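The following pair of complexes shares a single chain, chain A, combined with chain B in the former and chain C in the latter.
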Partner chain A sequence: MTSRIDLILTLADDELILGWRNSEWTGIAPFLEEDVAFSSIAQNEIGHARALYELAARELGTDADALAFDRPLDEYRSAPLVELRRLEWARTIARHWLYETADAIRLEALQAADDPELAGIAAKMGREEVYHRIHAEMWIDRLLASQEGRPRLDEALAELWPYALGVLDEDLRPELVRRVEAKLERVMPAVEPIGRDQHEAELAELLEEMTMVRRSAPAGAQW
Partner chain B sequence: MTSRVFEVFRRERAGAPMQHAGSVVAPDARFAEIYAREQYGRRGESEALWLVPREAVGEIDEFVDEFDLKYRRVDGYSIKERLREARARAGTSLRDLPGGR
Partner chain C sequence: MLGPTAGGAALARDSVSLAHEDVWRALAEIPDPEIPVISIVDLGVVKEIRVEGERVEIDFTPTFMGCPALETMRVQMESAVRALGAEPDVRVVLDGSWSTDRISPEGREKLRAAGFAPPALRSAGTPTLIQLERGAFQCPWCGSPDTRLDNVFGPTPCRSLRYCHACRQPFEQFKTI
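Up next, the complex of A and B:
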């Protein structure tokens, strides 16, 4: 498998798994407007995953659904950050913001790289991710300004920071540190990144649930 | 949590009037923009939205009619033909008006 396919699947897996995790708030987000907005963000992430899987599928001679649902767990390239199941709002917002910040850096690099097809899809994704990032940053501002929110956010950031560092490779990682520190106006601890060489235990449960319908459908079923 | 209500108006297509779509509850105008975008724009159903803080909306809810002036109402009374005749007499027509057809 080429490093290009590997890169596309890495992006796609991150978007698919995070989209799934974010969709776990549908119906139970803190209030109605946020429920709609966060569900919509989840749908966007899954839309990005689909576009990326389709791109990879064309080269691999398969289809997007097969890539999304039929691979064994150890072939998923998702970062542990997106695999974590943390149905707690401060952690959800902390992850959302850390991921969107890292994703922006990654998409900017792709747009600057010498691969017009990937640059094009990165630009399209970027135009939607702008709104995700605005949403995430507004929540960070809001939690930082609140007596109850700030310590809860800080606790969540402390837990998730090594995971966030694991989303990007060594070249791009310093930019993530720079942007996070600039927003929080404090220095983040220098910790060992939790990278893609491992998966969180809850990924297995997620894949089990995510592929349930596909596995139960008879071959050739049309949706 | 302190929240405000923002009334949302949407325009379905260019040239159509802004119509009240509903409202969003949000902590501030920036959140309201995100929420309105997701609730009233994500399916391509709007080409523009207006957001108005509810406290900025003026309301009139009293309409005095002490003398029961029912004759001001024109229900069931067609004036189209009579207007056309009147315009012909006056030598004016819709075509002569700014923006007329």
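Up next, the complex of A and C:
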């Protein structure tokens, strides 16, 4: 497998798994606006995943659904950050903001790289994700300004920081540190990143649930 | 095929007579599946049409990548081309070529008349929270700029929710992308 396919699947898996996690808020978010927001963000992310899987599928001679649903767990390239099941608001917001910040850095690098097809998709994804970042930053500002919110956000950020660093390749990590520190106006601790060489235990449950319909109707379900 | 009686010569003549404009006109009849007041041509998703004999190639540049209406648009374009007697080949172009700036002036006016505030032009810069929270967005009902952002997200990924203080109406604002 080429490093290009590997890169496309890495991006696709992150977007698919986080899209799934974000969709877990549909119907149960703290209030209606966030129900709508997380559902829309999930829809965008799964749309990005689909486009990327289609691109990879064309070169691998398969189809997007097979790449999304039929691979064994150890072939997923998702970062542990997106695999965590965190149905707790401060952690959800911390993960959302850290991921969107890291993803922006990665997409900017892709747009500058010498691969017009990937640069085009990255540009298109980037325009949608501007709104994810606006949403996430609005929440960070709100929690930082609140007496109850700030310590809860700080605790969540401390827990998730090694995971956030693990989303990016080593060369892009300093830029994530710079952006996070600029927003929080404090220095982040130097920690060992939790990267793609391992999966969270929660991924197995997620894949079990996500692939249930497909496994029950191997010939393809029709609605 | 053009029909049971179409021989080679007739086929060639008919194919030549199928002009770009015929295809554009047929596609302009297709309403957007989610906002049917505007057509997919007004929406700017048809990037290019190439007519080669009885084949029509359409470069289709989707709006939001996760939009569930994309598949419907594609199927409707294919049947519109078949209704003209040609074979469609709809190619999805996944680069950055679609933006809300591709919505035609007529399309923007139709959106506004239906109660959707048209998107700000991209020349105003990449959207920021500060920009969205400013009252620069006009209410599609009364035209007042005294509006506030209620939610960055709305009923579909392409829309935000705003509220007009002047006429006290909520409205949907097309996002700029």
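As a working rule, the second predicted complex is superposed on the first by the 218 of 223 C-alpha atoms of A that agree within 3 Å, B and C clash if a C-alpha of one lies under 4 Å from a C-alpha of the other, contacts with A are read in each partner's own complex, and residues count from 1 in each chain.
Methods note: a contact is a pair of C-beta atoms (placed from the backbone, for glycine too) under 8 Å apart; a residue touches a chain by one contact, two chains touch by 3 or more.
Predicted model, so just to flag it, every value in this text is computed and none were measured.
After alignment on the shared chain A, the placement of chain B and chain C results in a clash.
Once the two complexes are laid over each other on the shared chain, residue contacts for A:R196 go to neither chain B nor chain C.
When the two complexes are superposed, the chain touching more residues of chain A, out of chain B and chain C, is C. By the touch criterion defined above, A:G120 lies against chain C but remains apart from chain B after alignment on the C-alpha atoms of chain A. Contact with chain C, but none with chain B, is seen for A:E45 once the two complexes are overlaid on the shared chain.
Legend: residue contacts after superposition of the two complexes on their common chain; A:H96 is shown touching neither chain B nor chain C. When the two structures are aligned on the shared chain, A:V36 is found in touch with chain B and with chain C.
Contacts of A:H135 after superposition: both chain B and chain C are touched.
Overlay on chain A, chain C versus chain B, candidates 45-53, 63-71, 81-89 or 153-161: the clashing stretch is 153-161. Common to the chain B and chain C contact sets on chain A are residues 33, 36-37, 40, 131, 134-135, 138. Taken in their complex, chain A has these residues touching chain B: 31-34, 36-37, 40, 131, 134-135, 138, 142. Of all the residues in chain A, the ones that touch chain C in their complex are 33, 36-37, 39-41, 43-48, 50-51, 55, 116-117, 120-121, 123-125, 127-128, 130-131, 134-135, 137-138.
On the side of chain C, the complex with chain A involves touching residues 64-67, 94-99, 126-129, 132, 150-157, 161, 175, 177.
For chain B in complex with chain A, the touching residues are 24-27, 30-31, 34-35, 37-39, 42.
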